[in-house]
Amino acid sequence: MDKSMLAGLDGLPEEDKMRMATMIEQLQLRDSLRMYNSLVERCFNDCVDNFSRKSLQKQEESCVMRCAEKFLKHSMRVGMRFAELNQGAATSD
Amino acid sequence: MAANNSSLPPGVDKDQAFGMAETEMEYRVELFNRLAQTCFTKCVDKRYKEGELNMGENSCIDRCVSKYWQVNNLIGQMLSAGQRPM
Amino acid sequence: MDKSMLAGLDGLPEEDKMRMATMIEQLQLRDSLRMYNSLVERCFNDCVDNFSRKSLQKQEESCVMRCAEKFLKHSMRVGMRFAELNQGAATSD
Amino acid sequence: MAANNSSLPPGVDKDQAFGMAETEMEYRVELFNRLAQTCFTKCVDKRYKEGELNMGENSCIDRCVSKYWQVNNLIGQMLSAGQRPM
Amino acid sequence: MDKSMLAGLDGLPEEDKMRMATMIEQLQLRDSLRMYNSLVERCFNDCVDNFSRKSLQKQEESCVMRCAEKFLKHSMRVGMRFAELNQGAATSD
Amino acid sequence: MAANNSSLPPGVDKDQAFGMAETEMEYRVELFNRLAQTCFTKCVDKRYKEGELNMGENSCIDRCVSKYWQVNNLIGQMLSAGQRPM
(Lines give C-alpha, C1' and ligand atoms only; values in the text may rest on other atoms or scores of the structure.)
Protein backbone atom coordinates (compact mmCIF):
# COMPACT_ATOMS: atom_id res chain seq x y z
CA MET A 1 0.00 0.00 0.00
CA ASP A 2 2.28 2.72 1.22
CA LYS A 3 5.39 2.36 -0.89
CA SER A 4 7.31 4.77 1.31
CA MET A 5 7.58 2.18 4.08
CA LEU A 6 10.54 0.63 2.36
CA ALA A 7 11.97 3.93 1.19
CA GLY A 8 12.38 4.88 4.84
CA LEU A 9 15.20 2.38 5.06
CA ASP A 10 17.33 3.89 2.29
CA GLY A 11 20.59 5.49 3.22
CA LEU A 12 20.95 3.45 6.38
CA PRO A 13 24.29 2.03 7.51
CA GLU A 14 25.71 -1.22 6.14
CA GLU A 15 24.68 -3.09 9.29
CA ASP A 16 21.00 -2.35 8.69
CA LYS A 17 21.20 -3.38 5.06
CA MET A 18 22.54 -6.73 6.24
CA ARG A 19 19.65 -7.07 8.69
CA MET A 20 17.26 -6.24 5.87
CA ALA A 21 18.84 -8.83 3.59
CA THR A 22 18.52 -11.49 6.29
CA MET A 23 14.89 -10.59 6.81
CA ILE A 24 14.14 -10.85 3.10
CA GLU A 25 15.88 -14.21 2.92
CA GLN A 26 13.83 -15.55 5.81
CA LEU A 27 10.60 -14.32 4.24
CA GLN A 28 11.52 -16.00 0.96
CA LEU A 29 12.33 -19.28 2.66
CA ARG A 30 9.07 -19.17 4.61
CA ASP A 31 7.12 -18.28 1.50
CA SER A 32 8.60 -21.05 -0.60
CA LEU A 33 7.82 -23.61 2.11
CA ARG A 34 4.24 -22.36 2.25
CA MET A 35 3.96 -22.52 -1.50
CA TYR A 36 5.23 -26.10 -1.36
CA ASN A 37 2.62 -26.98 1.27
CA SER A 38 -0.23 -25.43 -0.69
CA LEU A 39 0.92 -27.07 -3.92
CA VAL A 40 0.90 -30.49 -2.24
CA GLU A 41 -2.57 -29.85 -0.80
CA ARG A 42 -4.00 -28.71 -4.12
CA CYS A 43 -2.60 -31.54 -6.22
CA PHE A 44 -3.57 -34.11 -3.59
CA ASN A 45 -7.11 -32.72 -3.52
CA ASP A 46 -7.48 -32.66 -7.28
CA CYS A 47 -5.81 -36.01 -8.02
CA VAL A 48 -6.48 -38.38 -5.11
CA ASP A 49 -10.01 -39.43 -4.30
CA ASN A 50 -9.90 -43.14 -3.87
CA PHE A 51 -8.91 -44.59 -0.51
CA SER A 52 -9.38 -48.29 -1.08
CA ARG A 53 -5.59 -48.70 -1.12
CA LYS A 54 -2.68 -47.40 0.85
CA SER A 55 -0.25 -46.62 -1.92
CA LEU A 56 -0.51 -44.06 -4.65
CA GLN A 57 -1.70 -45.54 -7.94
CA LYS A 58 0.14 -44.90 -11.22
CA GLN A 59 -2.53 -42.62 -12.65
CA GLU A 60 -2.71 -40.65 -9.40
CA GLU A 61 1.05 -40.24 -9.49
CA SER A 62 1.09 -38.91 -13.02
CA CYS A 63 -1.85 -36.62 -12.28
CA VAL A 64 0.10 -35.18 -9.33
CA MET A 65 3.19 -34.67 -11.46
CA ARG A 66 1.29 -32.84 -14.20
CA CYS A 67 -0.58 -30.78 -11.62
CA ALA A 68 2.67 -29.68 -9.95
CA GLU A 69 4.29 -28.98 -13.31
CA LYS A 70 1.33 -26.88 -14.41
CA PHE A 71 1.26 -24.99 -11.15
CA LEU A 72 4.95 -24.13 -11.36
CA LYS A 73 4.63 -22.92 -14.93
CA HIS A 74 1.56 -20.97 -13.93
CA SER A 75 3.44 -19.36 -11.03
CA MET A 76 6.28 -18.28 -13.29
CA ARG A 77 3.89 -16.73 -15.77
CA VAL A 78 1.96 -14.95 -13.04
CA GLY A 79 5.25 -13.75 -11.57
CA MET A 80 6.25 -12.19 -14.89
CA ARG A 81 2.91 -10.47 -15.39
CA PHE A 82 2.89 -9.31 -11.79
CA ALA A 83 6.36 -7.80 -12.15
CA GLU A 84 5.30 -5.93 -15.31
CA LEU A 85 2.28 -4.47 -13.54
CA ASN A 86 4.38 -3.53 -10.52
CA GLN A 87 6.85 -1.73 -12.78
CA GLY A 88 4.10 0.01 -14.68
CA ALA A 89 2.64 1.18 -11.40
CA ALA A 90 6.05 2.40 -10.25
CA THR A 91 6.81 4.43 -13.37
CA SER A 92 3.34 5.94 -13.44
CA ASP A 93 3.82 7.14 -9.87
CA MET B 1 7.96 10.77 -2.03
CA ALA B 2 9.49 11.04 1.42
CA ALA B 3 11.27 14.35 1.91
CA ASN B 4 14.02 13.03 4.14
CA ASN B 5 14.58 9.50 3.08
CA SER B 6 18.09 9.40 4.50
CA SER B 7 16.78 9.43 8.07
CA LEU B 8 13.77 8.01 9.83
CA PRO B 9 10.71 10.12 10.59
CA PRO B 10 10.80 11.40 14.17
CA GLY B 11 9.19 9.08 16.70
CA VAL B 12 9.78 5.95 14.64
CA ASP B 13 12.68 3.91 15.90
CA LYS B 14 14.65 1.39 13.92
CA ASP B 15 12.91 -1.76 15.16
CA GLN B 16 9.58 -0.26 14.27
CA ALA B 17 10.81 0.62 10.79
CA PHE B 18 12.01 -2.94 10.25
CA GLY B 19 8.71 -4.27 11.56
CA MET B 20 6.79 -2.09 9.13
CA ALA B 21 8.98 -3.11 6.23
CA GLU B 22 8.43 -6.76 7.11
CA THR B 23 4.67 -6.30 7.30
CA GLU B 24 4.69 -4.53 3.95
CA MET B 25 6.63 -7.36 2.32
CA GLU B 26 4.35 -9.98 3.85
CA TYR B 27 1.44 -8.08 2.33
CA ARG B 28 2.97 -8.22 -1.16
CA VAL B 29 3.78 -11.90 -0.85
CA GLU B 30 0.22 -12.64 0.26
CA LEU B 31 -1.21 -10.56 -2.60
CA PHE B 32 0.87 -12.53 -5.08
CA ASN B 33 -0.06 -15.89 -3.54
CA ARG B 34 -3.79 -15.18 -3.46
CA LEU B 35 -3.69 -13.91 -7.02
CA ALA B 36 -1.79 -17.01 -8.19
CA GLN B 37 -4.10 -19.43 -6.38
CA THR B 38 -7.21 -17.66 -7.63
CA CYS B 39 -6.14 -17.49 -11.27
CA PHE B 40 -5.00 -21.12 -11.23
CA THR B 41 -8.45 -22.15 -9.99
CA LYS B 42 -10.23 -19.95 -12.55
CA CYS B 43 -8.07 -20.77 -15.58
CA VAL B 44 -6.47 -24.19 -15.37
CA ASP B 45 -8.35 -27.37 -16.24
CA LYS B 46 -8.35 -29.63 -13.15
CA ARG B 47 -8.13 -32.83 -15.13
CA TYR B 48 -4.41 -32.20 -15.74
CA LYS B 49 -4.26 -34.10 -19.02
CA GLU B 50 -0.79 -32.70 -19.65
CA GLY B 51 1.94 -30.83 -17.81
CA GLU B 52 2.00 -27.89 -20.23
CA LEU B 53 -0.29 -24.89 -20.07
CA ASN B 54 -2.21 -24.68 -23.33
CA MET B 55 -2.89 -21.48 -25.28
CA GLY B 56 -6.34 -20.97 -23.82
CA GLU B 57 -5.03 -21.32 -20.30
CA ASN B 58 -2.14 -18.96 -20.95
CA SER B 59 -4.30 -16.15 -22.27
CA CYS B 60 -6.82 -16.72 -19.48
CA ILE B 61 -3.99 -16.37 -16.94
CA ASP B 62 -2.75 -13.11 -18.45
CA ARG B 63 -6.22 -11.59 -18.38
CA CYS B 64 -6.90 -12.93 -14.92
CA VAL B 65 -3.75 -11.31 -13.52
CA SER B 66 -4.66 -8.04 -15.22
CA LYS B 67 -8.20 -8.06 -13.87
CA TYR B 68 -7.11 -9.06 -10.37
CA TRP B 69 -4.70 -6.15 -10.37
CA GLN B 70 -7.49 -3.79 -11.41
CA VAL B 71 -9.78 -5.09 -8.68
CA ASN B 72 -6.96 -4.63 -6.16
CA ASN B 73 -6.51 -1.01 -7.25
CA LEU B 74 -10.23 -0.32 -7.33
CA ILE B 75 -10.74 -1.50 -3.77
CA GLY B 76 -7.55 0.22 -2.64
CA GLN B 77 -8.86 3.55 -4.01
CA MET B 78 -12.23 3.00 -2.41
CA LEU B 79 -10.62 2.28 0.96
CA SER B 80 -8.31 5.28 0.89
CA ALA B 81 -11.13 7.58 -0.30
CA GLY B 82 -13.38 6.54 2.55
CA GLN B 83 -10.70 6.45 5.25
CA ARG B 84 -12.41 5.91 8.56
CA PRO B 85 -16.00 5.35 7.53
CA MET B 86 -18.44 6.46 10.28
CA MET C 1 -8.87 -18.08 26.09
CA ASP C 2 -6.92 -17.25 29.18
CA LYS C 3 -7.70 -13.62 29.84
CA SER C 4 -4.99 -13.39 32.48
CA MET C 5 -2.28 -13.43 29.79
CA LEU C 6 -2.79 -9.77 29.21
CA ALA C 7 -3.46 -8.97 32.85
CA GLY C 8 0.08 -10.14 33.58
CA LEU C 9 1.34 -7.01 31.88
CA ASP C 10 -0.51 -4.54 34.11
CA GLY C 11 1.51 -2.43 36.47
CA LEU C 12 4.61 -2.67 34.32
CA PRO C 13 6.89 0.31 33.72
CA GLU C 14 6.17 2.94 31.08
CA GLU C 15 8.77 1.44 28.75
CA ASP C 16 6.88 -1.85 28.55
CA LYS C 17 3.58 -0.14 27.89
CA MET C 18 5.24 1.59 24.93
CA ARG C 19 6.51 -1.75 23.66
CA MET C 20 3.00 -3.15 24.05
CA ALA C 21 1.48 -0.22 22.14
CA THR C 22 3.94 -0.72 19.28
CA MET C 23 3.11 -4.41 19.14
CA ILE C 24 -0.62 -3.72 18.99
CA GLU C 25 -0.08 -1.17 16.23
CA GLN C 26 1.92 -3.65 14.16
CA LEU C 27 -0.73 -6.33 14.64
CA GLN C 28 -3.44 -3.91 13.53
CA LEU C 29 -1.49 -2.89 10.44
CA ARG C 30 -0.83 -6.52 9.55
CA ASP C 31 -4.46 -7.42 10.14
CA SER C 32 -5.84 -4.60 8.03
CA LEU C 33 -3.55 -5.54 5.14
CA ARG C 34 -4.72 -9.14 5.41
CA MET C 35 -8.33 -8.02 5.48
CA TYR C 36 -7.67 -5.96 2.36
CA ASN C 37 -6.15 -8.99 0.61
CA SER C 38 -9.02 -11.25 1.52
CA LEU C 39 -11.59 -8.65 0.51
CA VAL C 40 -9.97 -8.33 -2.93
CA GLU C 41 -9.89 -12.10 -3.34
CA ARG C 42 -13.52 -12.54 -2.34
CA CYS C 43 -14.92 -9.77 -4.51
CA PHE C 44 -12.79 -10.85 -7.46
CA ASN C 45 -14.01 -14.43 -7.05
CA ASP C 46 -17.66 -13.45 -6.79
CA CYS C 47 -17.68 -10.77 -9.51
CA VAL C 48 -15.17 -11.76 -12.20
CA ASP C 49 -15.66 -14.92 -14.18
CA ASN C 50 -15.16 -13.94 -17.77
CA PHE C 51 -11.66 -13.83 -19.17
CA SER C 52 -12.30 -13.03 -22.80
CA ARG C 53 -10.96 -9.51 -22.21
CA LYS C 54 -8.09 -7.96 -20.36
CA SER C 55 -9.82 -5.03 -18.74
CA LEU C 56 -12.50 -5.00 -16.12
CA GLN C 57 -15.99 -4.52 -17.58
CA LYS C 58 -18.38 -1.88 -16.24
CA GLN C 59 -20.70 -4.39 -14.61
CA GLU C 60 -17.79 -6.24 -13.04
CA GLU C 61 -16.53 -2.96 -11.65
CA SER C 62 -19.82 -2.06 -10.06
CA CYS C 63 -20.22 -5.59 -8.69
CA VAL C 64 -16.79 -5.27 -7.04
CA MET C 65 -17.69 -1.88 -5.55
CA ARG C 66 -20.95 -3.13 -4.07
CA CYS C 67 -19.25 -6.28 -2.81
CA ALA C 68 -16.55 -4.27 -1.03
CA GLU C 69 -19.11 -1.83 0.35
CA LYS C 70 -21.24 -4.67 1.68
CA PHE C 71 -18.25 -6.38 3.20
CA LEU C 72 -17.13 -3.24 5.02
CA LYS C 73 -20.61 -2.63 6.39
CA HIS C 74 -20.81 -6.26 7.37
CA SER C 75 -17.45 -6.03 9.19
CA MET C 76 -18.56 -3.00 11.14
CA ARG C 77 -21.76 -4.70 12.21
CA VAL C 78 -19.93 -7.87 13.19
CA GLY C 79 -17.38 -5.77 15.09
CA MET C 80 -20.16 -4.12 17.12
CA ARG C 81 -21.87 -7.42 17.96
CA PHE C 82 -18.53 -9.02 18.76
CA ALA C 83 -17.64 -6.20 21.15
CA GLU C 84 -21.00 -6.56 22.91
CA LEU C 85 -20.45 -10.28 23.40
CA ASN C 86 -16.89 -9.72 24.62
CA GLN C 87 -18.15 -7.20 27.17
CA GLY C 88 -20.95 -9.48 28.29
CA ALA C 89 -18.44 -12.27 28.74
CA ALA C 90 -16.15 -9.98 30.71
CA THR C 91 -18.81 -8.72 33.13
CA SER C 92 -20.20 -12.20 33.69
CA ASP C 93 -16.74 -13.39 34.73
CA MET D 1 -8.14 -13.50 38.58
CA ALA D 2 -4.36 -13.47 39.02
CA ALA D 3 -3.36 -12.93 42.65
CA ASN D 4 -0.29 -10.85 41.91
CA ASN D 5 -1.01 -9.00 38.72
CA SER D 6 1.50 -6.29 39.48
CA SER D 7 4.43 -8.63 38.86
CA LEU D 8 5.09 -11.52 36.51
CA PRO D 9 4.66 -15.12 37.68
CA PRO D 10 8.03 -16.61 38.67
CA GLY D 11 9.88 -18.33 35.84
CA VAL D 12 8.26 -16.23 33.12
CA ASP D 13 10.51 -13.52 31.81
CA LYS D 14 9.44 -10.38 30.06
CA ASP D 15 10.04 -11.50 26.48
CA GLN D 16 7.97 -14.59 27.11
CA ALA D 17 5.13 -12.53 28.55
CA PHE D 18 5.15 -10.29 25.48
CA GLY D 19 5.23 -13.33 23.23
CA MET D 20 2.23 -14.81 25.02
CA ALA D 21 0.31 -11.56 24.84
CA GLU D 22 1.02 -11.35 21.11
CA THR D 23 -0.15 -14.93 20.55
CA GLU D 24 -3.31 -14.22 22.54
CA MET D 25 -4.08 -11.13 20.44
CA GLU D 26 -3.41 -13.00 17.21
CA TYR D 27 -5.90 -15.59 18.41
CA ARG D 28 -8.61 -12.97 18.96
CA VAL D 29 -7.96 -11.34 15.60
CA GLU D 30 -8.19 -14.71 13.87
CA LEU D 31 -11.41 -15.57 15.71
CA PHE D 32 -12.94 -12.29 14.57
CA ASN D 33 -11.79 -12.76 10.98
CA ARG D 34 -13.05 -16.31 10.66
CA LEU D 35 -16.37 -15.32 12.22
CA ALA D 36 -16.72 -12.37 9.83
CA GLN D 37 -15.82 -14.39 6.73
CA THR D 38 -18.13 -17.24 7.73
CA CYS D 39 -21.15 -15.06 8.48
CA PHE D 40 -20.63 -13.05 5.29
CA THR D 41 -20.69 -16.29 3.29
CA LYS D 42 -23.77 -17.59 5.15
CA CYS D 43 -25.82 -14.37 5.19
CA VAL D 44 -24.97 -12.06 2.29
CA ASP D 45 -26.40 -12.56 -1.17
CA LYS D 46 -23.50 -13.03 -3.60
CA ARG D 47 -25.19 -11.24 -6.46
CA TYR D 48 -24.45 -7.88 -4.83
CA LYS D 49 -27.43 -6.07 -6.34
CA GLU D 50 -26.80 -3.13 -4.03
CA GLY D 51 -24.14 -1.84 -1.66
CA GLU D 52 -26.41 -1.76 1.37
CA LEU D 53 -27.15 -4.69 3.64
CA ASN D 54 -30.88 -5.33 3.63
CA MET D 55 -33.01 -6.14 6.70
CA GLY D 56 -32.89 -9.88 6.14
CA GLU D 57 -29.11 -9.83 5.84
CA ASN D 58 -28.72 -7.67 8.93
CA SER D 59 -30.76 -9.93 11.17
CA CYS D 60 -29.07 -13.00 9.73
CA ILE D 61 -25.68 -11.44 10.60
CA ASP D 62 -26.71 -10.70 14.20
CA ARG D 63 -27.92 -14.26 14.73
CA CYS D 64 -24.92 -15.72 12.97
CA VAL D 65 -22.50 -13.82 15.25
CA SER D 66 -24.45 -14.94 18.28
CA LYS D 67 -24.47 -18.59 17.23
CA TYR D 68 -20.80 -18.55 16.25
CA TRP D 69 -19.97 -17.19 19.69
CA GLN D 70 -21.98 -19.98 21.32
CA VAL D 71 -20.23 -22.63 19.23
CA ASN D 72 -16.89 -21.09 20.21
CA ASN D 73 -17.79 -21.31 23.90
CA LEU D 74 -19.22 -24.81 23.60
CA ILE D 75 -16.05 -26.18 22.02
CA GLY D 76 -13.90 -24.19 24.42
CA GLN D 77 -15.69 -25.78 27.39
CA MET D 78 -15.39 -29.22 25.85
CA LEU D 79 -11.66 -28.77 25.29
CA SER D 80 -10.94 -27.49 28.79
CA ALA D 81 -13.11 -30.22 30.38
CA GLY D 82 -11.29 -32.97 28.54
CA GLN D 83 -7.79 -31.52 28.91
CA ARG D 84 -5.36 -34.13 27.68
CA PRO D 85 -7.70 -36.75 26.24
CA MET D 86 -6.13 -40.26 26.38
CA MET E 1 12.70 -30.13 4.08
CA ASP E 2 16.32 -29.85 5.11
CA LYS E 3 16.56 -31.82 8.33
CA SER E 4 20.02 -30.42 9.07
CA MET E 5 18.54 -27.03 9.97
CA LEU E 6 17.69 -28.29 13.41
CA ALA E 7 20.83 -30.38 13.74
CA GLY E 8 22.82 -27.17 13.49
CA LEU E 9 21.63 -26.27 16.97
CA ASP E 10 22.97 -29.38 18.72
CA GLY E 11 25.82 -28.97 21.14
CA LEU E 12 25.00 -25.35 21.83
CA PRO E 13 25.20 -23.87 25.33
CA GLU E 14 22.42 -24.30 27.88
CA GLU E 15 21.21 -20.75 27.29
CA ASP E 16 20.42 -21.49 23.65
CA LYS E 17 18.59 -24.68 24.49
CA MET E 18 16.38 -22.64 26.82
CA ARG E 19 15.70 -20.16 24.04
CA MET E 20 14.84 -23.06 21.75
CA ALA E 21 12.48 -24.57 24.30
CA THR E 22 10.69 -21.24 24.73
CA MET E 23 10.33 -20.92 20.97
CA ILE E 24 8.85 -24.41 20.66
CA GLU E 25 6.43 -23.69 23.48
CA GLN E 26 5.24 -20.50 21.80
CA LEU E 27 4.78 -22.30 18.49
CA GLN E 28 2.74 -25.01 20.20
CA LEU E 29 0.53 -22.48 21.95
CA ARG E 30 0.00 -20.57 18.70
CA ASP E 31 -0.72 -23.78 16.84
CA SER E 32 -3.24 -25.06 19.37
CA LEU E 33 -5.10 -21.73 19.30
CA ARG E 34 -5.20 -21.89 15.50
CA MET E 35 -6.44 -25.45 15.62
CA TYR E 36 -9.15 -24.35 18.03
CA ASN E 37 -10.20 -21.55 15.67
CA SER E 38 -10.33 -23.81 12.65
CA LEU E 39 -12.25 -26.48 14.57
CA VAL E 40 -14.87 -23.91 15.59
CA GLU E 41 -15.17 -22.67 12.02
CA ARG E 42 -15.52 -26.16 10.56
CA CYS E 43 -18.11 -27.41 13.05
CA PHE E 44 -20.08 -24.17 12.81
CA ASN E 45 -20.08 -24.43 9.02
CA ASP E 46 -21.16 -28.05 8.97
CA CYS E 47 -23.74 -27.86 11.77
CA VAL E 48 -25.34 -24.40 11.72
CA ASP E 49 -27.33 -23.28 8.72
CA ASN E 50 -30.52 -21.85 10.09
CA PHE E 51 -30.56 -18.24 11.21
CA SER E 52 -34.20 -17.77 12.13
CA ARG E 53 -33.23 -17.74 15.81
CA LYS E 54 -30.50 -16.26 17.90
CA SER E 55 -29.65 -19.17 20.13
CA LEU E 56 -28.16 -22.50 19.23
CA GLN E 57 -30.78 -25.25 18.92
CA LYS E 58 -30.42 -28.58 20.71
CA GLN E 59 -29.69 -30.56 17.55
CA GLU E 60 -27.14 -27.97 16.39
CA GLU E 61 -25.44 -28.22 19.76
CA SER E 62 -25.17 -31.99 19.65
CA CYS E 63 -23.98 -31.85 16.04
CA VAL E 64 -21.21 -29.43 17.09
CA MET E 65 -20.19 -31.67 19.99
CA ARG E 66 -19.97 -34.78 17.83
CA CYS E 67 -18.13 -32.84 15.13
CA ALA E 68 -15.53 -31.59 17.62
CA GLU E 69 -15.19 -35.04 19.19
CA LYS E 70 -14.67 -36.63 15.78
CA PHE E 71 -12.14 -34.02 14.78
CA LEU E 72 -10.09 -34.51 17.94
CA LYS E 73 -10.07 -38.28 17.52
CA HIS E 74 -9.16 -37.79 13.89
CA SER E 75 -6.28 -35.48 14.82
CA MET E 76 -4.89 -37.99 17.29
CA ARG E 77 -5.01 -40.76 14.73
CA VAL E 78 -3.39 -38.60 12.06
CA GLY E 79 -0.75 -37.57 14.59
CA MET E 80 0.14 -41.21 15.27
CA ARG E 81 0.34 -42.11 11.59
CA PHE E 82 2.31 -38.96 10.85
CA ALA E 83 4.82 -39.78 13.60
CA GLU E 84 5.27 -43.30 12.22
CA LEU E 85 5.96 -41.97 8.74
CA ASN E 86 8.37 -39.36 10.11
CA GLN E 87 10.26 -42.06 11.99
CA GLY E 88 10.30 -44.34 8.98
CA ALA E 89 11.66 -41.49 6.91
CA ALA E 90 14.29 -40.77 9.54
CA THR E 91 15.57 -44.33 9.81
CA SER E 92 15.64 -44.78 6.05
CA ASP E 93 17.81 -41.68 5.79
CA MET F 1 24.43 -35.18 7.47
CA ALA F 2 26.23 -32.02 8.61
CA ALA F 3 29.92 -32.65 9.18
CA ASN F 4 30.33 -30.22 12.05
CA ASN F 5 27.03 -30.19 13.89
CA SER F 6 28.62 -28.94 17.10
CA SER F 7 29.21 -25.49 15.61
CA LEU F 8 27.34 -23.27 13.20
CA PRO F 9 28.33 -23.06 9.54
CA PRO F 10 30.49 -20.00 8.90
CA GLY F 11 28.54 -16.89 7.98
CA VAL F 12 25.39 -17.96 9.79
CA ASP F 13 24.94 -16.20 13.09
CA LYS F 14 22.86 -17.42 15.97
CA ASP F 15 19.74 -15.34 15.34
CA GLN F 16 19.67 -16.55 11.78
CA ALA F 17 19.97 -20.16 12.92
CA PHE F 18 17.07 -19.68 15.31
CA GLY F 19 15.02 -18.03 12.61
CA MET F 20 15.66 -20.92 10.24
CA ALA F 21 14.77 -23.47 12.89
CA GLU F 22 11.54 -21.61 13.58
CA THR F 23 10.64 -21.48 9.87
CA GLU F 24 11.37 -25.20 9.57
CA MET F 25 9.09 -26.01 12.49
CA GLU F 26 6.35 -23.79 11.14
CA TYR F 27 6.60 -25.71 7.90
CA ARG F 28 6.10 -29.06 9.65
CA VAL F 29 3.18 -27.75 11.67
CA GLU F 30 1.54 -26.42 8.51
CA LEU F 31 2.12 -29.71 6.69
CA PHE F 32 0.46 -31.59 9.53
CA ASN F 33 -2.48 -29.19 9.71
CA ARG F 34 -3.17 -29.22 5.97
CA LEU F 35 -2.93 -33.01 5.92
CA ALA F 36 -5.32 -33.31 8.88
CA GLN F 37 -7.86 -30.86 7.43
CA THR F 38 -7.71 -32.50 4.00
CA CYS F 39 -8.13 -36.08 5.26
CA PHE F 40 -10.97 -35.05 7.59
CA THR F 41 -12.79 -33.52 4.62
CA LYS F 42 -12.14 -36.56 2.41
CA CYS F 43 -12.88 -39.29 4.96
CA VAL F 44 -15.31 -38.17 7.64
CA ASP F 45 -19.07 -38.11 7.09
CA LYS F 46 -20.29 -34.53 7.58
CA ARG F 47 -23.57 -35.54 9.13
CA TYR F 48 -21.83 -36.37 12.40
CA LYS F 49 -24.33 -39.00 13.51
CA GLU F 50 -22.00 -40.04 16.29
CA GLY F 51 -18.87 -38.84 18.03
CA GLU F 52 -16.84 -41.95 17.26
CA LEU F 53 -14.95 -42.61 14.05
CA ASN F 54 -16.28 -45.78 12.47
CA MET F 55 -14.16 -48.51 10.88
CA GLY F 56 -14.59 -47.19 7.36
CA GLU F 57 -13.51 -43.71 8.42
CA ASN F 58 -10.53 -45.04 10.31
CA SER F 59 -9.14 -47.04 7.43
CA CYS F 60 -9.82 -44.17 5.05
CA ILE F 61 -7.83 -41.86 7.35
CA ASP F 62 -4.86 -44.24 7.49
CA ARG F 63 -4.73 -44.53 3.71
CA CYS F 64 -5.27 -40.83 3.25
CA VAL F 65 -2.32 -39.97 5.51
CA SER F 66 -0.17 -42.47 3.66
CA LYS F 67 -1.11 -41.11 0.24
CA TYR F 68 -0.70 -37.50 1.32
CA TRP F 69 2.78 -38.35 2.54
CA GLN F 70 3.62 -39.95 -0.79
CA VAL F 71 2.35 -36.92 -2.72
CA ASN F 72 4.44 -34.68 -0.45
CA ASN F 73 7.55 -36.73 -1.21
CA LEU F 74 6.81 -36.92 -4.90
CA ILE F 75 6.49 -33.17 -5.26
CA GLY F 76 9.49 -32.62 -2.99
CA GLN F 77 11.63 -34.80 -5.25
CA MET F 78 10.36 -33.07 -8.34
CA LEU F 79 11.17 -29.65 -6.89
CA SER F 80 14.67 -30.58 -5.77
CA ALA F 81 15.40 -32.29 -9.10
CA GLY F 82 14.37 -29.22 -11.07
CA GLN F 83 16.00 -26.67 -8.77
CA ARG F 84 15.81 -23.30 -10.41
CA PRO F 85 13.71 -23.98 -13.48
CA MET F 86 14.52 -21.51 -16.33
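Some observations on this one:
Going in written order, the chains are labelled A, B, C, D, E and F, and every chain counts its residues from 1.
One rule holds for everything that comes next: a contact is a pair of C-beta atoms (placed from the backbone, for glycine too) under 8 Å apart; a residue touches a chain by one contact, two chains touch by 3 or more.
Please read all numbers here as calculations on a predicted model, not as lab measurements.
Considering the contact criterion stated above, the chains in touch with subunit A and with subunit C alike are B. Separating the CA-averaged centres of subunit A and subunit E is a span of 24 Å. One simple way to say how far apart two chains are is to compare their mean CA positions; for subunit B and subunit F this gives 27 Å. Multi-chain contact residues, meaning those touching two or more other chains, occur in subunit F at positions 20, 24, 26-27, 43, 62, 66, 76.
Multi-chain contact residues of subunit A (touching two or more other chains): 1, 33-34, 36, 38, 47, 65, 69. If you sketch which chains touch which, the chains form one closed loop in which each chain touches exactly two neighbours.
One full turn of the ring, starting with subunit D and passing subunit E second, gives D, E, F, A, B, C. Residue ranges of subunit F in contact with subunit E, taken from their complex: 1-2, 5-9, 12, 14, 17-18, 20-22, 24-27, 29, 32-33, 35-37, 39-40, 43-44, 46, 48-53, 58, 61-62, 65-66, 69, 76. Within the complex, the subunit E residues that touch subunit D are 22, 26, 29-30, 33-34, 36-41, 43-45, 47-49, 51-56, 60-61, 64-65, 68-69, 72, 76. Subunit F makes touch with subunit A in their complex at residues 15-16, 19-20, 23-24, 26-27, 30-31, 34, 38, 42-43, 59-60, 62-64, 66-68, 70-72, 74-76, 78-79, 82, 85-86. Touching subunit F in their complex are the following residues of subunit E: 1-11, 16, 19-20, 23-24, 27, 31, 34-35, 38, 42, 46-47, 63, 65-67, 69-71, 73-75, 77-79, 81-82, 85, 93.
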